[in-house]
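Below are two complexes that have chain A in common, paired first with chain B and then with chain C.
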Partner chain A sequence: MNTLAGGLFAMFEPLVASGLALPLAGVNWHTFFFLVFAAVACGFAVAVVAADNVVRMALYLVLSLGATAGLFFLAGAEFVGAMQLMIYVGGTLVLLVFGVMLTAQAPFVSIKSTAGDRVLAGMVGAALLAVLLQAALSVPAWRKPGAGRVAEPAATPIGMALVGVRVDAPEAGAPAINRRPGYLLPFEIVSVHLLVVLVGAAYLARAKRRKTPRAIEVAASVEPAASVAEHAEIGRDRSRGSSVLAGGRS
Partner chain B sequence: MAEFLITTVGLPASLAWTVTAVVAAVLILNVIAGGALVFIWAERKIAGRIQDRLGPTRTGGKFGWLQSLADGIKLLAKEDLMPEGADGMLFRLAPYVSFCASFCAFIALPFAFDFVGQRLNVGVFFVVAVLGLEVFGVILAGYASASKWSLFGAMREAAQVVSYEVPLGMCVVVPVMLAGSMDLVTIAEKQAGWFTNWYLFHDPFTFVIFWVYVTCAVASVNRAPFDLAEAESELVAGFHTEYSGLRWSFFFMAEYGSMFLVSALAAVLFMGGWNGPIPVASLLGLSEGTGDTANYFTRLIGMVNLLGKATLGVLVMMWIRWTLPRLRIDQVMTTCLKYCTPIAAVMFLGAMLWQVALPGGLVPGMGRPAGEIREGWLPGPGGGAASASAPAIVVQVTP
Partner chain C sequence: MNPAFAVSVPLLGLISEPVSVAHYLVVGAILFVAGVACMAVKRNALGVLMGIELVLNGANVNFVAFASPYLQAEGGRSIGLDGQVFALFVILLAAAEAAVALAITLNFYNNHATVDIDRADDLKG
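Coming up: the complex of A and B.
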């Protein structure tokens, strides 16, 4: 393959050498995409707060979360990225459906927030940002560029660790003991917890039976009888007055 | 390919990556668009034959094979309408959201050994996650159209897709479990050899779960008999009632793209991917590493195999569509929650127990030996520069 395609590309080499494509040559795509994804994530996160329509908010939220997933993929954490897509973006979808179903009395409802709300939200947000920035800058290893380089992404070590077997390489400087702890216990706790949540949701969402199960049928069977009697009454009245219904034309 | 561009051609790294990405994107776009052209024509012919008609016969000669092109020109020439009360931005954006989701899922889909846009370690998971996002465009379209038909259609679709993701996920987990990896390339490569090695024939449970997967896949791409979202008899056209022209055609490109995608995923997960029913390449003495030409030829055969299987899947979906009547919404939910999910769960347990009890398969040589765990025994990702530097992960499990 190399020889064949190499010959093919040799034809284009003068073009490349002449600097035709040089404007692209200096771009560091990793940095470029990091900046793009970060800008999208931050920009649309602000847009979520600023928008006044619930569906648009959901759209911005999805874009912001999707860009965060892009950041994860960029960092080589493919499993986390796919998780982000599956849980957060997919979850927003469900949130959106319920939001529309429960809040939309009229089309395109707008949600206006007051100035007080905005000030309060701004203060909380700024406080959180300050805490996060302080925490991030307090780790000396993170100040150097390229310090947090990740290894070959693989989901297998994560999966094996979740069932209690550690197969990933131990960290440098860690004590060389044979039995490193896996995550079997937290995994089991979380799964049991989720099972409980599932059962609870099914219990809450199930169709509620009335005390008298056949109330609707009873009502339905009563209704026609009443109306028939009513009609009979009317007919009798009319017939007394020799109406059209009774056949009299006088 | 990027490594090849850097080392052999001598391009700067960033430029090589750009070229690689553009080539992959253009190829994938062509698969979707070209596939849609062919499949729309095929759908018309199949619908015609099933309904005892001829289908298109005149456009472009004998079989009406230019019908899709004529359709495309017609769609281009149509007036692009937007309802007065619509939310303009969301209305315009919705078709692209659907299409982008369909497109993104193709990135992780391998067409032959290492012919993959980006070989992801969690390929299956990525494809399923992204495929679920396609419904987002549909919901946006339904909401932004300011039409009750559209909104009803979108809500139905949302409920349906969210429900069917559960059994679909369970079905997908079984081949992942058998292969011991979520990497689509690894999964398909584990089924190499004769067709008896396919996970479809691995054990009775996988055979059953394949059909559950087919049901869920048809439902998750909203094809009849599960096309509640666009039920013509009740909802005019469902979520795309208000769309016309090119925007409408984007929805359909996305739909045909997703159909092809779930079929290809079925081929990779259950039917050996690019490994044909008969291992032609290895019978001819070709295998990976025997030489450049051999590699090329092997992968070409592989691609033909995969595309053939995926096309077969799409044709079966069309056959189903024109044969079965549409289900009611409660029947759709019953099928999902009362049949597909429990069957998938039981079959998952069954496949697991089978793997424990008979790891070598019922007949020796049928099914692959289960001991050869896991990633790292295959060559690293084709385009990944990181794979060259990082050591391969070798996993050894001791009972």
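Coming up: the complex of A and C.
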């Protein structure tokens, strides 16, 4: 980074001489990249709120979460940043995009919220932001600039903590395998939870053999948007009727 | 760099200083508020889901910031590995939550032929 800064500074030296100084020598490159990633993350997060088109919202969310992964890398949490990219951006958001594609019939691509809702949400959001910023900036210890202690990037401490052994920060007088609790039990709970959730999701989303909603869906895609509402009404009544019938039979 | 210049252009002063935990907390707060606004405003069920993802990410940014040894001031203590492991758990649970919520949304779409959550009023008395 220092060589990069030096090279850029040499490039701008004529400008420095002419008085249009870009003080690149004083630039903290870690801070510079933090500001870039933070601007992308926050800007696209606000864009998700502002956009009406659901496809664009998905794209903005991908960019925002990717920039957040960059922030994780900058904070020294390389493994978490990699997991953010792999699980969140690569998995969860692909799932969301699948949802968008499956439900993106013409009337539903952009459902506009009313102006009153937007104003109300803006006011509530501004108030919440003011409270959070005040809380974030009120503790002096958090405002001191970081000392820049760089830990060696390695996944070993996290992996060992997940199997129950804490190799980081051993307590005074503790043996090599120290007494601080690891995360074996939460790890097991989370893994079983994930299994149960995926089985449940597959059960919930499985294709059911109902002919009425499918017919409505085809009609909704063929006919103009205005008639979708009444079809939905019919569909609701029919599904109610069929569930009553099913209950009667069982 | 020239201090007078840094004062006259505050953004350059921001660039030349090291990052602190508070910087990350501000980013986390903005992500969180954007997510809450998204959940409140959007009428598309998938938009609400995206708001939840943003909220969880704002929390994750805070966890990672407090866990980072790089951002702690001299003599300050980070929560160390705990924050990173919690961030991992949050990511995993967000994946699980997205799977179930998407399944519910698709089911709702199959039954009602819409994803407008204002139409989900079957249980209204």
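To be clear about the criterion, the second predicted complex is superposed on the first by the 141 of 250 C-alpha atoms of A that agree within 3 Å, B and C clash if a C-alpha of one lies under 4 Å from a C-alpha of the other, contacts with A are read in each partner's own complex, and residues count from 1 in each chain.
One rule holds for everything that comes next: a contact is a pair of C-beta atoms (placed from the backbone, for glycine too) under 8 Å apart; a residue touches a chain by one contact, two chains touch by 3 or more.
Note that the coordinates shown come from a computational prediction; the quantities given were computed from them, not determined experimentally.
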* Based on the superposed arrangement, let me know which partner A:156 touches: chain B (first), chain C (second), both, or neither? => first
* **chain B versus chain C as contact partner of A:115, first or second or both or neither** => neither
* Is A:82 touching the first partner chain B, the second partner chain C, both, or neither of them? -> first
* Considering only touches as defined above, state whether A:59 meets chain B (first), chain C (second), both or neither. => first
* Which of the two partners, first being chain B and second being chain C, lies in contact with A:68: first, second, both, or neither? -> second
* **Which superposed partner A:96 touches (first chain B, second chain C, both, neither)** => both
* To do: Mind telling me which of the two, chain B or chain C, contacts the most residues of chain A?
  => C
* Examine A:28 and indicate which partner it touches, taking first as chain B and second as chain C; both and neither are also allowed. => both
* Structure fact -> chain A contact set shared between chain B and chain C covers 21, 25-28, 76, 79, 83, 93, 96, 100, 107-108, 151, 157, 168
* Asked: If you look only at chain A, which of its residues touch chain B in the complex?
  -> 1-6, 9-10, 12-13, 16, 21, 24-29, 53, 55-56, 59, 62, 76, 78-79, 81-83, 85-86, 89-90, 93-94, 96-97, 100-101, 107-108, 151-157, 160, 165, 167-168
* How about chain A: which of its residues touch chain C in the complex? -> 21, 23, 25-28, 30-32, 34-35, 38, 41-42, 45-46, 48-49, 54, 57-58, 61, 64-65, 68, 71-72, 74-77, 79-80, 83-84, 87-88, 91-93, 95-96, 98-100, 102-103, 107-108, 111-113, 117-118, 120-122, 124-125, 128-129, 132-133, 136-137, 139, 141-151, 157-158, 161-162, 166, 168-169, 183, 186, 190, 193-194, 197-198, 200-202, 204-205, 208, 210, 213, 216-217, 220, 228, 231-232, 235-236, 239
* Can you list the chain B residues touching chain A in their complex? -> 4-5, 8-12, 14-15, 17-18, 85, 87, 89-90, 93, 120-122, 125-126, 128-130, 132-133, 135-136, 139-140, 143-144, 146, 155, 158-159, 162, 165, 180-182, 292-293, 295-296, 374-375, 386-387, 390-393, 395-397
* To do: Within their complex, state which residues of chain C touch chain A.
  => 1-2, 5-6, 12, 14-38, 40-44, 46-47, 49-51, 53-54, 57, 60-61, 64-65, 67-74, 76, 80-81, 84-85, 87-89, 91-100, 102-107, 109-116, 119, 122
